Amino acid sequence: MERVRACVVGATGYAGVEVCRLVLAHPALELTMATDRKEAGTRLDAVYPSLAGACEIVLSLPEPDAIAAAADVAFLAVPHTASLALTPELLARGVNVIDLSADYRLHDPAVYEAWYATPHTSPELLSQTVYGLPELFRAGVAELAARRAAGEAVLVAVPGCYPTATALAAAPALASGLATGDLVIADAISGVSGAGRGCNARTHFCHANESVEAYGVAKHRHTPEIEQTLSEVAGREMSVVFTPHLAPLTRGLLSTVYLEAAPGVTAEDVQAAYERAYADEPLVTALPAGSMPATSSVFGTARAQVGVALDDRRRRTIVASCAIDNLGKGAAAQAVQCANIVLGLPETTGLLAPAPLV
Amino acid sequence: MERVRACVVGATGYAGVEVCRLVLAHPALELTMATDRKEAGTRLDAVYPSLAGACEIVLSLPEPDAIAAAADVAFLAVPHTASLALTPELLARGVNVIDLSADYRLHDPAVYEAWYATPHTSPELLSQTVYGLPELFRAGVAELAARRAAGEAVLVAVPGCYPTATALAAAPALASGLATGDLVIADAISGVSGAGRGCNARTHFCHANESVEAYGVAKHRHTPEIEQTLSEVAGREMSVVFTPHLAPLTRGLLSTVYLEAAPGVTAEDVQAAYERAYADEPLVTALPAGSMPATSSVFGTARAQVGVALDDRRRRTIVASCAIDNLGKGAAAQAVQCANIVLGLPETTGLLAPAPLV
Amino acid sequence: MERVRACVVGATGYAGVEVCRLVLAHPALELTMATDRKEAGTRLDAVYPSLAGACEIVLSLPEPDAIAAAADVAFLAVPHTASLALTPELLARGVNVIDLSADYRLHDPAVYEAWYATPHTSPELLSQTVYGLPELFRAGVAELAARRAAGEAVLVAVPGCYPTATALAAAPALASGLATGDLVIADAISGVSGAGRGCNARTHFCHANESVEAYGVAKHRHTPEIEQTLSEVAGREMSVVFTPHLAPLTRGLLSTVYLEAAPGVTAEDVQAAYERAYADEPLVTALPAGSMPATSSVFGTARAQVGVALDDRRRRTIVASCAIDNLGKGAAAQAVQCANIVLGLPETTGLLAPAPLV
Amino acid sequence: MERVRACVVGATGYAGVEVCRLVLAHPALELTMATDRKEAGTRLDAVYPSLAGACEIVLSLPEPDAIAAAADVAFLAVPHTASLALTPELLARGVNVIDLSADYRLHDPAVYEAWYATPHTSPELLSQTVYGLPELFRAGVAELAARRAAGEAVLVAVPGCYPTATALAAAPALASGLATGDLVIADAISGVSGAGRGCNARTHFCHANESVEAYGVAKHRHTPEIEQTLSEVAGREMSVVFTPHLAPLTRGLLSTVYLEAAPGVTAEDVQAAYERAYADEPLVTALPAGSMPATSSVFGTARAQVGVALDDRRRRTIVASCAIDNLGKGAAAQAVQCANIVLGLPETTGLLAPAPLV
């Protein structure tokens, strides 16, 4: 199989090195370049000894010309605004961009500017960008494959980790009409890698260990992204009250959502709707009635597992819970899933390995 | 100080041994007896080497006559129904009972029977029982002190761990009238010790480690207890949708609650209500605006910490989060707090040590 | 590629399910059967939800005829003595056996009987068995490939986890003659999965969490296996004092060994010997001078990393440390590595994926 | 009881805040001052929310005059060299110093200078300093009590965490003559808090979690301190090969030591020697034969537990293992133990609480 050359920009961040790991084991992608502004000149396996024996790449600077010379596809695992600076340069040089940052996820640049407190410098790209959550927007991603096949360089905005899990948890209830009202309460728990590789008081082992806590209450930047997706799925404007929590695990993210059940809805209706929604999805599993997912079941993978229940005692409420790996389906693996589609490969290429015991 | 003799029934369970630990370090209580049906005849420090050098007690059988001979107060750290069998016997022999089980928490025996699927065999005791959450029902507990001083043997039903944290999180919003509606969504996270000392697939290290998951969705037995308390606090019938989660920590419990904000309520109103509610409480702290509690801050203690925020974007929602130690304020330490009141001691005797770094 | 049919016997144990996971992702093996005595009739993914969507196999009983009908190679992930019962039956039916149990590891049946307190019922097989640690005994494993190609059913005894890490840590010092004397002190630390899937007081989360402890001091059954290997490598009889410890991780094993340095040996000599020993090994990496391995670097993999130092102050001592995954290179992945060799496949087929961040 | 005024210097480090916690719960000490150079002006409970409701102290600068005005005893929980600067100033002002740093632990300033690469600026104090490991050097600490009672300001050098555990593990074998030779191999495992509150690559949760690794091999600065103590105990010059490891726990330290058994020594001899050595020690427990200590048993306490075995197969070796809390008996609690003695209080005042389940 001829291999597509890939560059990972921001390769020393947690999402970046996870993309590297997936590309190294991918039968149709070849890791030709990995960049990092601060550690350029260093071997990647000196930063991550887990790659010793598996990767001899030396980190370089993220120069657009060098990337264009080395790669057909670039995975941008960078903080917001860094992608704004780089993406137009790469597209102009014919490099397809799989962007893991937040810069092109929100359709409305005003919403971006309000939540990220910075101007959006390439709003003209937003209309051609696709939000890369294939289970909900596969047609859009597939359209990019056609555009790319026609010679265009394309851009995928890979969703955030919380929006991915929350959308997969809530979507079947909304799309099926079993949930009514305009409010979704999303209560989520993430492992510490979601806070990134930077060392600070919150990521210190002795702070995170043996503790759980909420953070970013009523102001987390993933909120408008979740609302955008759920509104599209529901066909009406949805409001989200979103509370993320930190728990002592490296990887893993669980989002538990609460929606008002429409009158007359039964537990069987809800279970059937979830099973139907994901019946043909290779990477998302609706668990049997009575089961709820554990994040360890999807550790290190591109998979999601969803469970649902109906609280039908008084205030009838649909409770659904979705487990993903925040660095896997919540970031790097979903990026590779999108790349597979865009490149015309089977969607799950390199992504089917189940989770190890952890 | 003359010391009050105490017996711990069910001393090898996690809550039981925590009561032992607190009694051993308590200046006014003396641990004279500890029982366990299965390990009677064994030294307690053979079961818990952490007690080596601190306790030479040999476990005995929970015989009412023996307990009455050895103790003035009995802490029952037993599964439900075991207290039903023992409590009337102890009260009849003049032993004050601090019951950590669920058997006397629900005022209505029909609710108990519906949720615990077993007949309540001493419903006549329920009217004299006090629900031992002093921050919300201190007058009731104090009344027991008077009755005890008058020679009566009294019974305290110590709340469950989830009800304690959830009630402390939601009560100020309900009592102040800042929350409207009749629904509270309570999303909680517990450490593994909440599942007890029994070994099973869920408590195996390799299952619980590096994972979070929901369990008991829409059917956890603490639900009616939470509804009972919040209805009393609110002065109207409240419904609770309650979802507990398991996280990889031994101790610690966080309950995050969602309530509909009454029209016109501001973030300042909410913050002020919480600070006011707990201003004079020695064991409960309302954190400053913008802070949310971490369970590690109350590890091993009788303390609770509460934070609150108002999501005022669209569907205005009060989000409050309470951290406790499920074995501390959620069980053993709250039991000792109640015992202190009943015995006429300062409420915080033996309970003020702050949490160690963990 | 035509695929070789594989059966995993004991598929619900931790090593067994890890073999399943590796076989499922292996390009040349096909998982045709998985057995478990207690859970026969159940789907494997009902026991391990991590396999949902990846494996539809129903567990069956480990009947020799059924295994022979379904598979060319059987991985035995069973307790000792269970392999003694099954292996001769499988070999007689032409099934190649990759045995992860201890039953055929020790060359001398008397040593087996002394340490495992049970008779060895097929000592005649020991002379044809190969100890499957390819980095030290590759020729032996390769010889099995030739015998199999000639139509023989062959047997590999896959090493234990502690012996693998300890041998890889100590071998270069002994083989190079840089270590003198006949004593190796091996101090090792293992994750909890090494204790198996059984629930007991030691594997309960609340026991293992936040704690380290030694166990099996001066009597662990891996001791004679380590001595056998190190004696072969050194060419003289070696004694091992071996102390395993338990630490709060699911997977990972570190063995730190202490050997007396021969006179005149320098730190450079030692470093060079280790680098040379593993220069051509695809799965074992000698780290650069000054580095010591972390178990997380090899999590979930077939890899080992080794670091070495010379304490040259007074009592000159070689200190070497080897990190493996106890279920990977210490069990399942090494079993697949051996199977690859025996089957004439490239040794690392299906085994090159680097570790995820964990 | 009249309370002795205490100042904690370096109160925001992990050892410092642990001293604060112990002093706050101590019946005879009063926390009158807490200092921190970087966070002076901040409330201590803003840095450590676990102290909310328990401590209202505002951090101040470590000015000698201010300390002398506020306190009779100063606990110095500072990095090495910081104590060199402060201790002479405090002693000159009549403040008793309990020094948790390394600055006065080594009797020979040349050894200090060699290992800490800095001049010792007050070597004249070394002869009057006592090494504060009461179980081995109680007479020396008690002598300070007499000198203090006579009006002198005194200085205790509190041992490091690794030296404490290693000395308690090895001392009975050496003092009894059951161990021969001049070599002790000490293989130790520490929780992450031992690395301090500073955030760096090694203390990041996602590095430390689910991993163990050796560090500082053949060059850790605690080595000469261990050799000094073991040489004094043995009455001959001892060499130590010392390897510390990091494990994923916040608190806890285990040191497993290996010593050559003298000819004819039996397992019973060894067990008896250890039981005898610690029979009258309130804070150190020799476990029964066949038991080895777990660090969780001493979490958060001033206690140590020791187990011992004899490997009598070939190269007869005494293996002993000691568990302490690195911040407790390994730092803060031992400092308070020393302070108790110096102040003429019962040695265990405020230190007897057993460990919570963790």
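Order as written gives the chain letters A, B, C and D; numbering starts at 1 within each chain.
We take it that contacts are C-beta pairs under 8 Å (C-beta built on N, C-alpha and C of every residue); 3 or more make two chains touch, one makes a residue touch a chain.
Chain identities (UniProt): A, B, C, D = N-acetyl-gamma-glutamyl-phosphate reductase.
Predicted, not measured: the structure shown is a model, and the values here were computed from it.
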Chain located farthest away, centre of subunit B as origin (C-alpha): C
B-C compared against B-D, more contacting pairs: B-D
Where subunit C and subunit D are represented by their mean Cα positions, the distance between them in whole Å: 39
Chain centre separation in whole Å, for subunit C relative to subunit B (CA means): 47
Rounded Å distance, subunit B centre to subunit D centre (Cα mean): 36
For subunit B, residues that touch 2 or more chains besides their own: 14, 193, 206-207, 209-210, 248-251, 293-294, 296-297, 299, 357-358
Residue numbers on subunit C that touch subunit B, as the complex places them: 14, 192-193, 197, 199-201, 203-210, 248-250, 358
Partner subunit C, residues of subunit D touching it in the complex: 182-183, 185, 187, 189, 191, 206-207, 209-215, 217-218, 239, 241, 243, 245, 247-252, 254, 256, 258, 292-297, 299, 307, 309-315, 317, 319, 321, 323, 357-358
Complex contact set, residues of subunit A against subunit C: 14, 17-18, 21, 24-25, 48-55, 193, 209-210, 250-251, 282-283, 285, 287, 291, 293-294, 296-300, 303, 305, 327, 352-358
